[in-house]
Amino acid sequence: MSSTPLLYGLCAVALFAIGLLGAFLHSGLLTRLLAVNVSGSGVLLLFVVLAYQGAGQRPDPVPHALVLTGLVVAVSATALALMLGRWLQRPEQEPEPETEQDQE
Amino acid sequence: MTNLLVWPVLLSLAAALGTLIAPSNAARIATVAAALSLWSVLLLLSAVIAEGPQWLILGGWPQGLGIALHADPLSALFLLMSAAVCLAATIFARRYVEHSRYRSQFWPLWLLLQTAIYALLLAADLFNIYVTLELLGLSAVTLSALGGSRAAVQAAVNYLILGLLGSLLFLAGIALIYGRYASLDLQLLARVVEPGPSLWVAMALMTAGLVLKSALFPLHFWLPAVHANAPAPVSAVLSALVVKVAFYLIMRLWLDLFNPAVMSTAADLFGVFGALAIVWGSWQAMFTARLKLLAAYSSIAQLGYLFLFLSLVLVMPEGEDRQLLLGALVLFALSHGFAKSALFLAAGTVQQYAGHDRIAELRGVAGQLPLTFFSLGLAGVALIGLPPSGSFLAKWQLLSTTLLAGQWYWVAVVVVGSLMACVYMFRVLSVAFGEEGVATQRIHSRREELPTLALAVTATLILGLGGVWVWRVLDVGAAGGLG
Amino acid sequence: MSAIEILPLIALTLVILALCVGLWPAVRGPTLADRMLSVQLLGTAGVAVLMLLAGISDSEALIDVALVLALLAVVAVAALTREGSKHG
Amino acid sequence: MMDSWLFDVVDALLALTAVVLAAMSVLGSDQKRSIVLFIAFGLLLSLIWARLQAPDLALAEAAIGAGLTGALLLSALPYSTAEKGACRQQRAWADIAFNRALRGLAATLIAGVAIAMIWALDDGRLQSVPFTVSEQVFGHLPHSGVGNPVTAVLLNFRAYDTLLELAVLLCVALGILALGQPSVPVVAPGPVLVLLVGILVPLLVLMAGYLLWVGAHAPGGAFQGGAVLAAAGVLLLLSGHRDAWLPGPRLLAAALGAGLFLFIGAGAAMTLSGAVFLEYPEGWAGAIILLIEAMALLSIAVTLVLAYLGGPPAPSPSPPARHTDVEGH
Amino acid sequence: MVELLAGVLMLSGAVMFLVGSIGLLRLPDIYCRLHALTKVDNLGLGLIVAGLVLRHSDPRLAIKMILVWILLLASSAAIAHLIARQALRRESE
């Protein structure tokens, strides 16, 4: 029995925890976003470790597919958050886009 | 096996594409899609009543390989509420976003949000639930950011990060379950799960994620800013459906999947935090300055009731009493869904009409918006839990159950919460029905007040008088469940 | 197992060691150029690792991965130089 | 040779470095450093996927994690420096103490969660499980229309997930179109970058097509291809093309919806003849999947390029030639 | 015999990488490091590819591997230029 799953399993849990901690400690959007991404990588790594059946064995393809989905979701969420962050950073002088009052 | 199960999802998704390609007809497409979704949900509900729970495994693959969809009385009732609220809010939104600069993106996003709600209520596969949760979260975030103000976008960003954390916790739980049981299908899992470290930790992680998304006290802090700053129809759907769908998932998982591992301490925690949410949310609602914030805080309190209900249901032994209380829970959730969406739509009308929603300055507005304030009053009746509303029946059931069990402390919480709800609702109404009038800003169309009225009437009268029907429908599936 | 067969594995271990050592400038800096250089080394070493893994486990797919990594590592570094210059 | 102790060294080095990089990236306070370390972390992850016999993921991570996410995060840098100042407010003593206590509590809680997870994972696979999805996948692989099991899961067995995932991408693209403002590059690209882009873009497009095609029977597929194609777009943006060849609003909307449209259409077409939604006709599955993947690739690539651009493409694209003459200094 | 040669090639390639990364740490300024790194890296990867090509006689794989190497040669030259440019710009300010 190789120690591969054990090592990466521990790594996955550590990444998950580090990400959670970072998301809690930071208040800036960018750093929190990085933290969430790291945490997500930890969870995805956990799936891949579960799929691993040992050297020379074919791995379980289902977690791989799930992780692929998870990766794409993560990058889209990151993109959305960065766009909103950039929105907040825009200078104030532009006409305040749309408060509900002028939606009449 | 019937394709009926995918219709609500598919209709909304196809309509989202339609509005994307043909922005000029978007409002019409969205209304038709919402109406058709409601129709398909009604068909589904009648199928559930006639034939029992419905299943579909997509792609025609064997169970476990393909993704399963599932509708039982519980999910069908939530679907019905969602479809009805969505239709009303869609009709309301037509006028609301008519001149918005975001309207060509609003409609596809709006329909994607509905897609996510229906998909989540129908999902019977753990990873599929995760994907729908993400779709729900991201579409809700984007729509709430379309409020367009700095406060709205800031709130949306916080909502996004917390939502992502919630989904991550949920996903980590899925990983643990997959690691132990090598399946994602809820029905298959329900047959094999057994108490043990995997299930306990997975339960804790998944519940924590969902609790964050359903804004149970003390994890509610993101909610008021989001719901108060989003466009009114979006707030209505967020408050009435999005938060509640997360609650639905908790209920679903705890009643079916986690059932063998439910411990009374864990269930009691739901009750304690639910009670705290009732008191704290109502307290904030009593003193807040803005109408939409009031509605948002009221949501926190009302979600507290749902968790209180759930904690009592969970510790009850299987049997008629449990079924009665579960029916009360569902009835309460439905009434709140209709009443809260009515309240937010009314607030939206007020805001458009008066140019703000500061409660203290709404003196006399009721005279100019009688229909809206009538709806607001009706919604208040349901939120307080006065007869003849559906929530009155539900609370009544709750009180009688707790009294019989000698749990007077829950009785106290419910009574205090209801009294506080009286205070915050009457505070609005007494100001609005006051003497002075404000200058009329524009000619108002009665037509856009109708969806609000319809929702409020449903919450108060239809669910109140037809509450027994909810219990009867739920009884159809009493033997069913997922197991 | 023969000594010859283990040579690629030793090579793999050494490259990974080099990769880990080469990451230090990315942590320490101090300038952006130092960090970029480190990422660049990581990209090249990563390609080497993938190729060696492909050779060891006879997996053609990993060569595709190496190809993609070689193509995409440029994007990150190019973005770094471009964005870094916004402040410079 | 597969279980030599040297592999343990390799695993330990990779795992440890990943954790250290992640910790330094997440817990540090210098944002630029955090991003660079995060890019390195993504690269390392793709090696880890390769080591764990997940080449599909290694491909996706190499394209998304190492390339695109890094570029995406970097494009956000200008604002985040300003953000730091806003957080640094004067705080009352009691507030600080409360904060410390809260942080300590959170750290303890998270450590507890980590330990609990390890405890749960220690349970291992339940031996009496009567079914495993993995066996089902390999059993039904011949009927799926493709030979790569991961592609089969993504586009046939669990196609519904992928359908909803495309909806997630559409949702993000719509958000960017509604609220985003395209970022305009400040400094002009040098001749080397322009030359590099000229070589790389055709290669990337080729690679995307190759990944799409190969995905049917070997690692690869729409997502990996889409990310690689998006990288081509990002490079174009980096070299001064302001629109990265993105079309006007109408066509853009069509490209964004294309994957979903084809998916729904193909899924629903057979329901008319009594099949279940997303059931493909016998013998056609391979072709249908390839077609869906091609459209999905397009949607994914367009969404990712939009994400890097940060907003709707500028209505009147200016030729890149205009930028090069700014370069003199 | 070919196996041994291939192994030795790979090993020397790996040593090159190690030398490169130590150089990254020890060399005095950014230009030296840049120079050393790109040279050593490309040589290292070239040796490894040569070893792999020797071991696997499949021409398709060999072409692919050589392609990766050429690609990396080109891109690392370009990247080195970009980094140097960036460092220069930083210095001139």
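To keep things simple, chains are lettered A, B, C, D and E as they appear, and every chain counts its residues starting from 1.
Convention: a residue touches a chain if its C-beta (ideal position, glycine included) is under 8 Å from a C-beta of that chain, and two chains touch if they have at least 3 such contacts.
The shown structure was predicted, so the numbers you read here are calculated from the model rather than taken from an experiment.
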* Asked: Given the touch definition stated above, what is the smallest step count connecting subunit C to subunit D?
  -> 1
* To do: Could you say which chain's mean Cα position falls nearest to the mean Cα position of the entire protein shown?
  => A
* Most contacted chain pair (by C-beta pair count) -> A-D
* Could you tell me which chain lies farthest from subunit E when each chain's centre is the average position of its Cα atoms? => B
* Asked: Of all chains present, which has the mean Cα position farthest from that of subunit C?
  -> B
* Structure fact -> dist(centroid_CA(subunit A), centroid_CA(subunit C)) in Å evaluates to 22
* Structure fact -> Separation of the C-alpha centres, subunit C versus subunit E, in whole Å, is 10
* Please report how many Å separate the Cα centroid of subunit B from that of subunit D, as a whole number. => 31
* Sequence positions of subunit D contacting 2 or more other chains -> 2, 7, 51, 53, 56, 68, 75, 77-78, 113, 117, 121, 132-134, 137, 158, 161, 165, 168, 171-172, 175, 179, 193, 196, 200, 203
* Structure fact -> Note: subunit C residues in touch with at least two other chains are 5, 10, 12-13, 17, 19, 32, 36, 38, 60, 64, 67, 71, 73-74, 78, 84-85
* Asked: Got the subunit A residues that touch at least 2 other chains?
  -> 16, 19-20, 29, 33, 46, 60, 62, 66, 69, 73, 76-77, 80, 84-85, 87-88
* Structure fact -> Chain pairs satisfying touch are A-B, A-D, B-D, C-D, C-E, D-E
* Spell out the part of subunit B that touches subunit D in their complex, as residue ranges. => 1, 3, 6, 10, 13-14, 16-17, 20-21, 23, 56-62, 64-67, 102, 105-106, 108-109, 112, 115-116, 119, 127-128, 131-132, 134-135, 138-139, 141-142, 145-146, 153, 172, 176, 179-184, 188, 192, 196-198, 200-202, 204-205
* Asked: What part of subunit D is in contact with subunit E in the complex they form?
  -> 190, 192-193, 195-196, 199-200, 203
* Using the touch definition up top, name the residues of subunit C that touch subunit D in the complex. => 1, 5-6, 9-10, 12-13, 16-17, 19-20, 23, 26-27, 29, 32, 35-36, 38-39, 42-43, 46, 49-50, 53, 56-57, 59-62, 64-65, 67-69, 71-76, 78-80, 82-87
* Structure fact -> Residue positions on subunit E within touch of subunit C in the complex are 3-4, 6-8, 10-11, 13-15, 17-18, 20-22, 24-25, 30, 33-34, 37, 41-42, 44-45, 48-49, 51-52, 55-56, 61, 64-65, 67-68, 71-72, 75-76, 78-80, 82-87, 89-90, 93
* Flag every residue of subunit A that touches subunit B in the complex, lowest number first. => 16, 19-20, 23, 29, 32-33, 36, 39-40, 43, 46-47, 50, 60, 62-63, 66, 69-70, 73, 76-77, 80-81, 84-85, 87-88, 96-101, 103-104
